[in-house]
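Structures incoming, each one as structure tokens.
Shared chain: chain A. Partners: chain B in the first complex, chain C in the second.
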Partner chain A sequence: MLKYLCKRILWMIPILLGAIVIVFSLIYIAPGNTSAILLGDSATPETIAALDAELGLDQPFLVQLGRYLKNLVLHFDLGMSYRTRRPVMTEILTRLPNTLKLSLLAIVLATLIGVVTGIISAVKQYKMADTVATGVALIGVSMPPFWLGLLLILAFAVGLGWLPSTVVKGNWKSWIMPTITLGTAVAGIIMRMTRSSMLDVIRQDYVRTARSKGQIEFKVIMRHEFRNALIPIITVIGVQFGSLMAGAVLCENIFAINGIGKLLVDSINKKDYPCVMGAVIFIAAICTVINLLVDILYSFIDPRIKSTYKGVKKKADDDESEDEDEEDADEE
Partner chain B sequence: MPMKNNTKEKKNGLWAEAWRRLRKNRMAMIALVVLILMVLCAVFAPLVAPYDYTAQDLENKFVYPCLAHPFGTDNLGRDIFSRVIYGSRISLQVGLIAVSIAVVVGGTLGAIAAFYPKLDNIIMRFMDIFMAIPSLLMAIAITSALGSGTRNLMIAVGLSSMPQYARIMRASVLTVKDQEFIEAASSIGASSFRTIVLHILPNAFAPLLVQATLGVGNAIMSAATLSFLGLGIQPPTPEWGSLLSTGRNFIRQFWPMTIFPGLAIMLVVYALNILGDGLRDALDPRLKN
Partner chain C sequence: MSEILLEVKDLVIHYFTDGEEACAVNGLSFDLAPQEVIGFVGETGAGKTTTALGIMGLVPNPPGRVLNGEIIFQGKDLLKASEAEMRKIRGEKITMIFQDPMTSLNPVLTVGDQIAEVVLLHNKMSKKQAMARAMEMLEMVGIPGARCSEYPHQFSGGMKQRVVIAIALACNPELLIADEPTTALDVTIQAQVLDLMRKLKEDLKTSLIMITHDLGVVAEICDKVAVIYAGEVVESGTLKDIFTDHRHPYTEGLFASIPDLDEDVDRLHVIKGLMPSPTDLPTGCKFHPRCPYATERCASERPKPVHLSDTHMVLCPRAGDGGAQKA
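Right after this comes the complex of A and B.
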């Protein structure tokens, strides 16, 4: 297990370096002369050349990339924002709490709604509740999140006047609409995954065994079905957390939340490239770490996976391990 | 199955069978009809739209939906219905072309990875790196590098979703490659080119098609998102996302500008999702009864 963990953590390094190189190269080819933009009206060929030299923009690509990587790895320095002249890392870290708060609220909401409706849907397959839930989930998935945000503003801010249309500090109510906006699509995805994963498990022999030995229905659903259906659900929640961080870009712009996403879009519009790069790389790094955590989480949920890492065939000493053999014979 | 279809069945078994099963799926067929109607609307936009999408009528701005203007008129008195119809041209086109880029680039890379084990590791590790950046962020980074505009938007949306197609294609080819009918084809002397093109690719293509159907919806949504943020297609071009982005400025005074373009996006994505789900069920041999 430890060996696997180390390998997995080490593998993150080339992934992140590669991501940085891709983002850096993309920004490098971005149109427009940065120094000219920075200097604005006062730009002359001489001042542009001087500023180029000062920012190191006259150096070859590889030199610039090398310097960027060196600063990032050694000092966690993402460069200086052209706009505010403050370190990009500071700009990001001051906004991180807002983005994290929004993403966490949204993923909690999405997980709660998605898992519960998914389980109900699978248990009541083809019944009324299932049809309604799958239909609503598909609408949730198909609805552009920013449009949902606008609809919520129309209904609850403009129409009814119950909720503020922008996030105000210290007002918890103002977070309700952003959370729903960001969480709905993910709730739909989690619901669909929970349902199909549960349906895979629900017809297994060990479920029938549990039921026929007189187990309470709720326990059958939670201990025998849900627990064995968890792996794909956890995976999808992990993956979705990444896209949530990206979706926060939109949500923050609609509800004027001062987070990393708003920083990113503002920076693109102002051609503040170090900030753009910093924000993208920062979010990519968070997503990579979350993926790692999800992988580690697997082994805690599913003893079968842990035992494969140990390299030792773990003997059946609890309920779940017995299921292992039956898992192979799942063709109906 | 009626007898007359038998010859076709033999020749094109998988697809004919899939089509037969798809036809039984009522929701998927409704979705297909909706999509065909929307494509027709886009193609024949000048005939369908009652007004020119650029025609301004400042006397009649902010008109609420009525008989003359089914979706109302916008801040410059332009007919919103006509703008949404013309917008479907751009949005559908962006979605289709972006996914084509993703399928061609991703599918090719995935197939290469599956056929040449030496390149496999390099290509798939590169895809891992690519996937470390969430696709919306990747698309944002690409548009900020290339600049806004329809063509760049297609490239950005296409490239950012490319790795998933590579993964699917690779997995699919790897499964098909080792099956007996491929071995049979090579053993009766089919050249490797013939085996790949005639036997492996058509059989490996089904999962890619399902993903692509669902992907068009996602691509339309990503493109609208980028335009909404001001990074994709700029107003006054009537792309759905940029229509919403303009509508947002008037959200307090006039709701139709916010409602209708979003409804159009939702309808098309919803239909594509249902069709994609239907296709997956139809093509998945495990569900065959």
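Right after this comes the complex of A and C.
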């Protein structure tokens, strides 16, 4: 197990490196002269050249990339923000708690709602409760979060005036709408996965064995059915957490939350490339860490997986490509 | 047979799927005395397992429904018992060993936990005591007690079946239903499991319903036999009645299909045709389309049970003449 863990942690290095190189290249080939944009209307060829030299933008691609990596690895330095002239690391670390808070609240809400309704739905398959739950889940999944967010603001902030329309520090009520906005679609996805995964195990022989022991129905469901249905559910929660970080971009903009997502959008608009790079790297790192956690969780849930870790050691390869897809999505 | 532990009367269980009605069990009756072993013999799909599930109150609903009948266990009709009452009976008084040991154990719980679960449900004891009992049960079925903390995937098929047996016997049940306990096992393990079950039957004084399509198993362990065809008992009697004096053409076919060691034959005897589909059962005697002695009357008239002795019942009008008996 320990050996497997070390291996997985080492695997994170090439994954992150790949992400950095891809994002760096994309920014490099993006059209527009950074210095010219930064200087605005007053720019002259001389001032542009001077700024290029100052920012190191006149160097060849590989030199720029090499210098970026060197600073990152040796000094944990993500460079200076073009806009604010402050270290990107500071910019991100001041905003990271907000984004993490939002994502965690959303995933907790989505998991609670999704898992509970998913279980009920599977147990009451084709009954009223199931039909209602699957219907609501479908609506939840189909609704774009930004639209839902705007609707919520219209209803509860503008119309009823119950909740503030933007997140205010120290006011927990202001987090309710962003959490719902971000969590609804994920709750629907988790609900559907829980339902189908439960339906897979619900007719298994060992469930019948449990009933034949005289076990009460609730325990049959939780101890024998749900525990066996957990693996796909955990997987979906892990993947969804990654996409929540990306989904937070829109949500943070709607509710004016000062998080990484908002930083990313603002930075892209202002061509503040060091900030874009930094934000993407952070999101990628969080995704890989969550993937790792999910894999570790597997072995606690299913003893059969734990025993394979002791022997075979080919698993990490599969996860890599997945992560890079996510990064590309974030970058846009 | 002065005392009766279990009496099943005219049990009818149908499955309803996609507008079709599958008649799995059609008026099945039998009784069982304490410490007696009855063998249910019949083809796949004859309704043996459904009957067993009916006794356990575990017929999956939907699609299954018990439409008629009585299951009287220790003087009480189980079909009228509430779910809470049934839960007390299941696992303690009546237990069941399921067909496939590979899938009958929960893969994410240790075998010790799974045995202790049933012990805890029916006894007032601490988790520790239940675990000790689980180890004891494992030892009894011939598995080292120390393997309590292992998971099902670490056991072989035969050992899993023994774990399933340990679960079924953990609360000293009055009635054990064994649904083809040896079918999924290879021959050497089969013998071990049968030996074990015979020993347990003697030691624990449990009544047993043995579901099987292996007449060899029946001969080894049963006191009496019920031959089941299309959800009905077509012939029942003591081991001797059935093995030496079977009268029903279907029973005859079953015995004829056992290869004889002394005789040199090219082809095994088969009963012609297939088991009728439970959604479309023949009228009259359900066996008549496959019966070599069928007359027109068989196709239209439901046969009445013929009692040849106190123990021997045959569901065939010819039985009285002794016509179906092989010379």
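For the reader, a short list of remarks on this structure follows.
Heads up, the rule we're going with is that the second predicted complex is superposed on the first by the 310 of 332 C-alpha atoms of A that agree within 3 Å, B and C clash if a C-alpha of one lies under 4 Å from a C-alpha of the other, contacts with A are read in each partner's own complex, and residues count from 1 in each chain.
Please note the rule applied: a contact is a pair of C-beta atoms (placed from the backbone, for glycine too) under 8 Å apart; a residue touches a chain by one contact, two chains touch by 3 or more.
Bear in mind that the values here come from a model prediction, so they are computed numbers and not experimental data.
Aligning the two structures on chain A places chain B and chain C next to each other without any clash. In the superposition on chain A, contact of A:Gln215 is made with chain C only, not with chain B.
Once chain A of one complex is fitted onto chain A of the other, the partner contacts of A:Asp205 are limited to chain C, with no touch recorded for chain B.
Looking at the shared chain after the overlay, A:Ile22 reaches chain B, while chain C stays out of its contact range. Of the two partner chains, chain C is the only one touched by A:His224; chain B is not.
In the superposition on chain A, contact is made by A:Ile283 with chain B only, not with chain C. Counting the residues of chain A touched by each of chain B and chain C gives the higher count for B.
Judged by the touch definition given at the top, the superposed model places A:Ser142 against chain B, while chain C stays out of reach. Closest approach of chain B to chain C, taken over C-alpha atoms in the A-based superposition, is 11 Å. Residues of chain B touching chain A in their complex: 125-126, 128-130, 132-137, 140-142, 144-147, 217, 221, 224-225, 228-231, 241, 244, 247-248, 251-252, 255, 258-259, 262, 265-266, 269-270, 273-274.
Across the complex, chain C is touched by residues 203-206, 208-216, 223-224, 227-228, 301-304, 307 of chain A. Remark: chain A residues 14-16, 18-19, 22-23, 26-27, 29-31, 138-139, 141-147, 150-151, 153-154, 158, 242-243, 245-247, 249-250, 253-254, 264-265, 268-269, 276, 280, 283-284, 287-288 touch chain B in the complex.
The residues of chain C lying in touch with chain A in their complex are 56, 58, 60, 86-92, 95-96, 98-100, 103-109, 114, 117-118, 121-122, 151, 153-154, 164, 167.
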